[in-house]
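By letter and in written order, the chains are A, B and C; residue numbering begins at 1 in each of them.
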Amino acid sequence: MGCKNCCSICLQCLFGYETNVMLVINNKGVGALFRLIQFLIIAYVAVYVCWIQRAYQDTDSVISSVSTKVKGNILTNTSIEGVHVWDVPEYVIPPQGEKSFLVLTNVIQTPGQTQSKCPEIPSLVTKCESDSDCIEGHTEVHGNGVQTGHCVQYSDTIKTCEVQAWCPLENDTIIPKPALLGAAEHFTVLIKNNIQYPKFSFRKRNLLHHINSTYLKNCTFDRKTDPHCPIFRLGHMVTEAGEDFSIMALKGGIIGIFIDWNCDLDFPERFCIPKYSFSRLDNKNPENNIAPGYNFRFAKYYKNNKSIETRTLIKAFGIRFDVIVFGMAGKFNIVPTIVNLGATLAFLSLVIKCLWHNHFHVVPELLPGDCYFSMETTSYGTP
Amino acid sequence: MGCKNCCSICLQCLFGYETNVMLVINNKGVGALFRLIQFLIIAYVAVYVCWIQRAYQDTDSVISSVSTKVKGNILTNTSIEGVHVWDVPEYVIPPQGEKSFLVLTNVIQTPGQTQSKCPEIPSLVTKCESDSDCIEGHTEVHGNGVQTGHCVQYSDTIKTCEVQAWCPLENDTIIPKPALLGAAEHFTVLIKNNIQYPKFSFRKRNLLHHINSTYLKNCTFDRKTDPHCPIFRLGHMVTEAGEDFSIMALKGGIIGIFIDWNCDLDFPERFCIPKYSFSRLDNKNPENNIAPGYNFRFAKYYKNNKSIETRTLIKAFGIRFDVIVFGMAGKFNIVPTIVNLGATLAFLSLVIKCLWHNHFHVVPELLPGDCYFSMETTSYGTP
Amino acid sequence: MGCKNCCSICLQCLFGYETNVMLVINNKGVGALFRLIQFLIIAYVAVYVCWIQRAYQDTDSVISSVSTKVKGNILTNTSIEGVHVWDVPEYVIPPQGEKSFLVLTNVIQTPGQTQSKCPEIPSLVTKCESDSDCIEGHTEVHGNGVQTGHCVQYSDTIKTCEVQAWCPLENDTIIPKPALLGAAEHFTVLIKNNIQYPKFSFRKRNLLHHINSTYLKNCTFDRKTDPHCPIFRLGHMVTEAGEDFSIMALKGGIIGIFIDWNCDLDFPERFCIPKYSFSRLDNKNPENNIAPGYNFRFAKYYKNNKSIETRTLIKAFGIRFDVIVFGMAGKFNIVPTIVNLGATLAFLSLVIKCLWHNHFHVVPELLPGDCYFSMETTSYGTP
């Protein structure tokens, strides 16, 4: 008997299959409610998890490469330079069409600077009465050079500390208004963008297949009429970013050109299309801000006859355009599918079981009869 | 009795442990099938989820910093410049070794440009008969300057609209062939790449520990012989990208240098090694394309004796190399492990249960006897 | 009977609700143990999964835009140039405040270079006895030009191969020590950083709301006193990176400025604050390294009276600062919550069940009595 028992146990270990003893409650109300809940669960999984959240997909983030090319010319007429035509090599910085490019919109030029000594631009810290107010070798943080320790005439009335610097000093107190190159508004930029999702070895360009060269030569981007044209009017982008070009041109700023490559690669490749959007990235409001706008200084260096180096200092205000490419691609993959479905079902079934349990715990006398009945119907229990 | 009952219920609430009543089917066929399925599930989880998908790992994406340094000299002999040696500062743009650098391969130079007036390059839109064909102040999109409103002789036969511009205008109709700096093919570039995975505080360089300085000084990258050498021959990279350097050099283009840092950080650090690959990023085929190749214009500015600004305009065709670093690191983490295993098992057990249920629902008469028998063997049921 | 049976089965299919037949073990020890395990599971889920791993959140990675502005002046006094003041346009490369900017710290200048012929700098490969040692048209990898095939006097004692190049050649054997622009240590840089998490349409700047303009004008970053000031002293950053500025200035290097925007967006926006950190990115140790430090060459081009092009070659050693913005934002989302909770619970419950099962399998005689008793208490079993 013990042996027989033990043998049977061994057999069970190997070939025994355990299943739960189920209890069938044959109650229309409860049954209906149960089916309803089942339906809700399935609906939730199908609609929300699968359809909206695409939880059945494996994802990869975009890798991208961008090149840009600006077109346009402007004629200016200033006291310093006279009539001058600005072309791309002059107003686009850096010239080599990178994904972040700056277009000059306003300029303060200081020609003929040489290494010498001259009085500082008057300010609270640079004004002086006598040499004792100036420290030799001292460099003012917001100053233009290194002080020589002398206090010299800046104008008939004002004396300021003398500095060793590129003289004459730049005086950027007056900013040209309207912006010198305000007409840059009409320039166009061609943006070429190549992206790939290495995990799915998917590659695409923003020059879409169904667009021919002749169209590309003449189109300019417009959200409604030409949503796939990669040529953008600077003014149009600034307007879409909710800014006024003529105002922004004065002190410069940063505009983000966002290219959104979010794609569902379970659909055919042709549905994976870039979405363009524009927004201002820098902080224009003067509160909790410092040096609003966007400007920097660069210089052109010359040597005069006596081979003394002179330079033209240019304080350049401009609008920097940052092409920011982002996106996630999703493609069906068995692991996330199983993980998400499994987990969701498991979780919900647990939740239901608890609710159920707590709900029917209060009516124990319902269960036994039910059970007994169901046991009978399935010819169960005692033989 | 009611009290005793209620008490026992209370006790149950606190200390009662509920377990399912299991039913043991002692049937070799079914049991074997059951064991088989169990094995399949475990196999699936072990092999696919764990091994292939590494679903037990937490992941982090790479943060990287790149610096590059090109080496090489070229001697050219042109009508404009005569014999001229090009060195790095002249043909690498920008010079400061960034992760995206351009190597000039072809050049159209227009020396001695000054701000003045001259006839436009003939084209459909610039040709004219009389001044009435030219609009003063008009800027042609593809033109070189701002029209003065006059129609002047371009050559004996052709009249074109006069423009205010940097004159003489550049004539880029003829591109030097073969490429002026085609020999750039033999240049080498040293790429230094530092990466880190902040989440795992893991840092590494593409100059691997086991490589010594002397080797680095002389090696050049080769997939077979020198897969870890960070010095690349430009020609070699272009060839690996499936392009012909001499052809690409004519009009320029963009080559992506991909450095793949995908690492399994559960393995020792030394197994985390960069994989290099190369591919052309820009669209070379003329269909659905615009301005194929890669070119841009920049200028060198001079002042002559009368301190009038002149410049040499350079239309530069070049190959831009974008170093694109990407990768994901994975490391064991308990949460994704539990989540993935749990979810997978839960899902599969649900699936099995359904199949099983539906399969055995048709043979109810099997169950009871089985059940009863199993109850007996485990000394179950009536005492 | 068969019909009645079949009907009931059909009804069950539609309205029948199946639940497990539970067996209540009424045993204080077991019950307590069971409750303890339940508690542990909940504790684990609550503390680890939810609190530490924030597994209930959906995540998005940061998109950022950076602009920088350096301030400061240095006075140098060299034999070549005499007294010279360096200002931002001269020592910051590129000038247009990008997220990766280089500050010159040491310079080797070679003025008055023209295209001509001159003897190579002596080295093992360039020294020669007769013309036969030099190959016409040969370019030495580490050389400065293209050999003419002649062997000429470099000095009274040394003969080297003549090269066509920008002559006189640069001699960079002696690096100025201390660094010419070592005082760059005291320069400050303003870093403006705008980030966004598109998935949560969350945008923020590193110029925080609660900071006013006057503070920003005068503060400099300090981890303790001014942790939110976006103005950094170069020397301070290098020190925080664990380097000595004066030493690093000699040969240059790369410093990473890491801005960590990891945010829990379930908390109010004001808690999402950038964390700054600094570390050296390039490899300074001479072993398994090549060309340590960071340097590059660029040139200023001039034309002399006879309009012959001359240039000043500048070998620039500098510290490149790479602003590297990274971060992940998390926000509550129902899907990951359900997935993670569900999966975790499912997994743990499976684990428990197995342990339990194996543990109580050895004491079958415990179960029946228990079972029978519990059946009685719940008025179960035989009617």
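List of remarks:
We adopt the following convention: a residue touches a chain if its C-beta (ideal position, glycine included) is under 8 Å from a C-beta of that chain, and two chains touch if they have at least 3 such contacts.
Predicted model, so just to flag it, every value in this text is computed and none were measured.
Viewed as a network of touching protein chains, the structure reduces to a complete graph with every chain in contact with every other.
Taking only C-alpha atoms, you rotate chain B by 120 degrees to land it on chain C; that is to the nearest 5. Here the CA centre of chain A is 17 Å from the CA centre of chain B. For chain A, the set of residues that touch two or more other chains comprises 20-21, 61, 94, 302, 305, 339-340, 342-343, 345-346. Touching chain B in their complex are the following residues of chain C: 20-28, 30-32, 34-35, 48-49, 53, 55, 61, 93-94, 100, 102, 115, 137, 139, 141-146, 163-166, 254, 256, 258, 260, 281-283, 286-291, 294, 296-299, 301-303, 305, 307, 313, 316, 320, 322, 324, 326, 339-340, 342-348, 350, 356, 364-365, 367-369, 371-372, 374, 377. Chain C meets chain A in the complex at residues 5, 8-9, 11-12, 14-21, 61, 63, 65, 67, 69, 71-75, 83-85, 87-90, 94-98, 188, 190, 192, 194, 198, 205, 207-213, 216-217, 300, 302, 304-305, 310, 334-335, 338-343, 345-346, 349, 378-380, 382-383.
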